[in-house]
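Scrolling down, you'll hit the structures one after another.
In what follows, chain A forms one complex with chain B and a second complex with chain C.
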Partner chain A sequence: MKSLMNVALGIVTSIGGFLDVGAIATAALAGAAFGVQMLWVLAVGTVCVIFLTEMAGRLACVSHHSLVDAVRERCGFRYFSFLLIGELFVDLLVLAAEIGGVAVALHLITGIDYRWFVPIVAFALWLLIWLGTFSIVQNGASLLGLITLAFVVGMWWMGPPWHEAMKAVVPSTPTHDAAKYWFIAVGILGALFEPFMLNFYASGAIEEKWSLKDIPMNRVTAVLGMSFGAVIAVSIVMLSALTLGPHGIQVDSYEQAALMMVQPFGSWGIPLFAACLGIACFGASLQVALNLAYLFSQGFGWRWSENLKPHEDARFALVYTLAIPVGAILVMVLGDPLQITTFSMALNALLAPVIVFPLLILMNDRHYLREYRNHALGNIVVSAIVIIAFLIAIVAIPLEVLGG
Partner chain B sequence: MDDPLPLVRDVLDKQVIDPDGCKVGKVDGIVLTLRERRPPRVIAMEISQAVAWRRLHHRLGDFADWLRTKFEPGRQDRAPRVLFDHFVRGGIDVHIDIPWKHTRALVWEDWLERRVIAKIPGGRRGGKKD
Partner chain C sequence: MRLLCVSVTVALAAIGGGCSKSPATIAKETRQAAASWAATLSAGAEWWGSSEVSTSYFQTLVDQARTSLQKEEQTARKSAGDAAAAPVKAVASHAAAIADAVKRGDRTAAILAGHAAALEVPAEKTPAVARPE
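Up next, the complex of A and B:
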């Protein structure tokens, strides 16, 4: 039973990590503009995220310390303060984008302006964290998140071009619109390397009291959970390539992205897309809000656990109680959730090396990992991720600014 | 002679845990006394964000300390300290032999619990396990 719970943790993490507003939008955009050609970006990103997630989980299993906890302890307060400020800023923007995503999903179903739903969504989010336990948050989001399999069903229904898709796993260069191609590639990777996901996963492992005997299960969880997210993201690319691309529909709003479900599901398409978007974003917003509380509590050594009553870890409860309204206000003030997402994805890419580089140090530290330290392959992959993430940071922001 | 204790590696910035396993805070600073012709002596561990921010820049520390002395419940002149006599062992966590209640490190936690969180519906009960 506990093993199944662990896999559920992987799946809920993948819903947040893979399938948030940014991932759905970039996958839809990639499919509409370049067909299945960009599947290799998802493949590379998925391999990287599997390695990173496995490492964050192994750190928690062996040392019983989360990533933020260990970064403060191993790299000192000066380094932690950069991480704290950077992640606070980025996580608040991502939280705003996710709350906005849920509100937009409700708008797609009801036709009412999404802003009316923002306070309701924010309150529901806070109430669930305030009253719920980690298991309720984790299992609820996992179970509801299975609705995103609708993208897989839709792709299957449309008859995917398997031969082309297999060929697209090999990296290729674009035949047209090179700048747009690389911008989308950067966007997909930026959406995958969300720093909050790694610390949430490690914190979840501690909440669930993982230990050395859970290391093999951690590996299975990382692979299965992230692969689940990847399958859904690949399905969105293919579905978009089959339905939007041939009609010349460009995805620059959720309404346009939702059209991908109309062909396979008819009149149920839009509500189904809205349900998938809303649930994926709600799952992600739970993770981001909790991660903000984990960030402060672990960094400053406060009591923390989503399983404690709020009065038992008052400062932990206060952080998410303040963060959620701030996120909601940001959506109302900044406007279009899709634009907030695009901006926060670029910042995610900028922040990724700040969290990945100390992870590499920790995974080779015998005080934390003992005999469970990284092998050469893990080090090489994580080093490659640091370089990729750094390049993403350099490329993404000018492209985003120049591309408007 | 006792084994040397690497203070920066095994004490500074580490999580402080009391005998009941409760989290007390991080070791934000270490207090040393200088002695003539003898090595410095470790007096205490400080658990205070003002001390941590001072390590970044003295003005940040001054500001955080001003906030602390102005607003901290039961205002005290000095940041919370745990005497080094209570140090049990270091490593990736620092274990001490006195309960958190005797450290003054959780005054804000107590104040928030009583004055803010407990007054929000569900703050004391909730559906959560102990």
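Up next, the complex of A and C:
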């Protein structure tokens, strides 16, 4: 019974944790600009993220190492430094995007400029991490994150074109705006396999003291949880395709994206969108800020745990205490949270190989995984998808940034 | 390693240099942005008219539209000339009319101005089911 509860909680956690500002923004962009045509990108990305999440969890269950910890040990400090710089840069941008997402959600409800909310959101975020334990941070945000099921209800209400949606799972090329199409594709993939999520997941498994007996639960959590999360992302694409695209509305700001909920929910639409955006982003910003603390602490061998009091792991607490204001300052300085989001998601796709390939090395290492090593299928699928995403990112980012 | 870094830098510079935006591209993008905002204002005004969105949200939407259109106009004028900026200017003037209507609480005037914007710069509508190649 207890293990069933754990599985259920794991699935709920994944639904809440899967959806963040990047998933909402890129799915809304894709639906408005290309209808349901880009659903295949979500399908491919979800397969990849299921494999990756399961691997990160299995690594923690068998070796009791988090991802960063194991990478530093196996690949050396020099490689770890490279990973640290890359992930620090991208995670800070993602943190800025998430804080910006919460601030924009409050702006949508109140009409007050989002910048006023940025310091308040940053302080609330820091306070929750400072005072909370891992289970409060993880499960609280994730349970609230179930509100994002409103996207599924909205899609259902609008009567989705199921037949065409099924056809769209087969990869296709764009009929117009190729640069934009591939840039959004990279953004969707980047939003799905955000490097921070893998290390956060593995660190969480260690915080919750997973062991060999939790391997089946890890597998169920990865498959069902990520699939449910993907259903929500698919719903956003479909909802955006059914409500924004036919009006000729493109998503250049969150104010426009919010309109997708008006047709199915009427006057509740905008507050509901704001609640979904705010809660999903707040949950994700907790994860990113904590992951930065995990990254430094595990990499440099400091004491770490969200379950310890801040004075017991002071350097761990110092990292998120510094990271959160930096993220807040970035969103104030850079402006336009939607642009920060799309750009940081594309950078995620660029960074993915730096963390995924060491993970694959670890997952095939007898010293760490013993008889629980990877099968060839997992290695091939993950390598292929990550290389393709990386190659598309190299071409699509300059094309989109510098011109069509 | 050094050779690899240099090669990657050169490749990225080549991609970047080879695809700087032409005035025609900027004009096309500006028109698309103007059309999208016109469609947004038109739909938003309709929904405000039927009380499906709140006045505070609609005000926010109109303010965002005006800010974005102003930026688009500046970029277009600087890089592609006055002709490229014309569609944005047209939509911006309707957005200003809608902002005034919101201040007065005149929902009918907002709807009319929204429709006028959408007619002046029509948006390319994306069907939910696009036809892939």
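Things worth noting here:
Note that in this section the second predicted complex is superposed on the first by the 379 of 404 C-alpha atoms of A that agree within 3 Å, B and C clash if a C-alpha of one lies under 4 Å from a C-alpha of the other, contacts with A are read in each partner's own complex, and residues count from 1 in each chain.
By definition in this document, contacts are C-beta pairs under 8 Å (C-beta built on N, C-alpha and C of every residue); 3 or more make two chains touch, one makes a residue touch a chain.
These figures come from a predicted structure and were not determined experimentally.
Overlaying the two complexes via chain A leaves chain B and chain C side by side, clear of any clash. A count of residues in chain A touched by chain B and by chain C gives the higher number to C. By the document's definition of touching, of the two partners only chain B reaches A:P310; chain C does not. Chain centres taken from Cα atoms put the angle at chain A, between chain B and chain C, at 130 degrees to the nearest 10.
In the superposition on chain A, A:P325 makes contact with neither chain B nor chain C. Of the two partner chains, chain B is the only one that A:D69 touches; chain C does not reach it.
By the touch criterion stated above, A:P246 is placed in contact with chain C alone, chain B being left untouched. In the superposition on chain A, A:W302 makes contact with chain B only, not with chain C. In the superposition on chain A, A:P216 makes contact with neither chain B nor chain C.
Taken over all C-alpha pairs, chain B and chain C come no nearer than 14 Å in the superposed arrangement. When the two complexes are laid over each other on chain A, chain A has no residue in contact with both chain B and chain C.
Across the complex, chain A meets chain B through its residues 63, 65, 69-70, 72-73, 76-78, 80-81, 130-133, 136, 299-304, 307-315, 317-318, 321, 367-368.
On the side of chain A, the complex with chain C involves touching residues 32-37, 107-108, 110-111, 161, 164, 168, 172-175, 238, 241-242, 245-250, 252-253, 255-256, 258-259, 262, 266-267, 269-270, 394-395, 398-399, 401-404.
For chain B in complex with chain A, the touching residues are 12-16, 22-26, 28, 47, 49, 52-53, 55-56, 91-92, 108-109, 112-113, 116-118, 120, 122-130. Residues of chain C touching chain A in their complex: 12, 15-16, 19-22, 25, 29, 32-33, 35-37, 39-40, 42-44, 47, 51-54, 56-57, 59-61, 64, 68, 118, 122-133.
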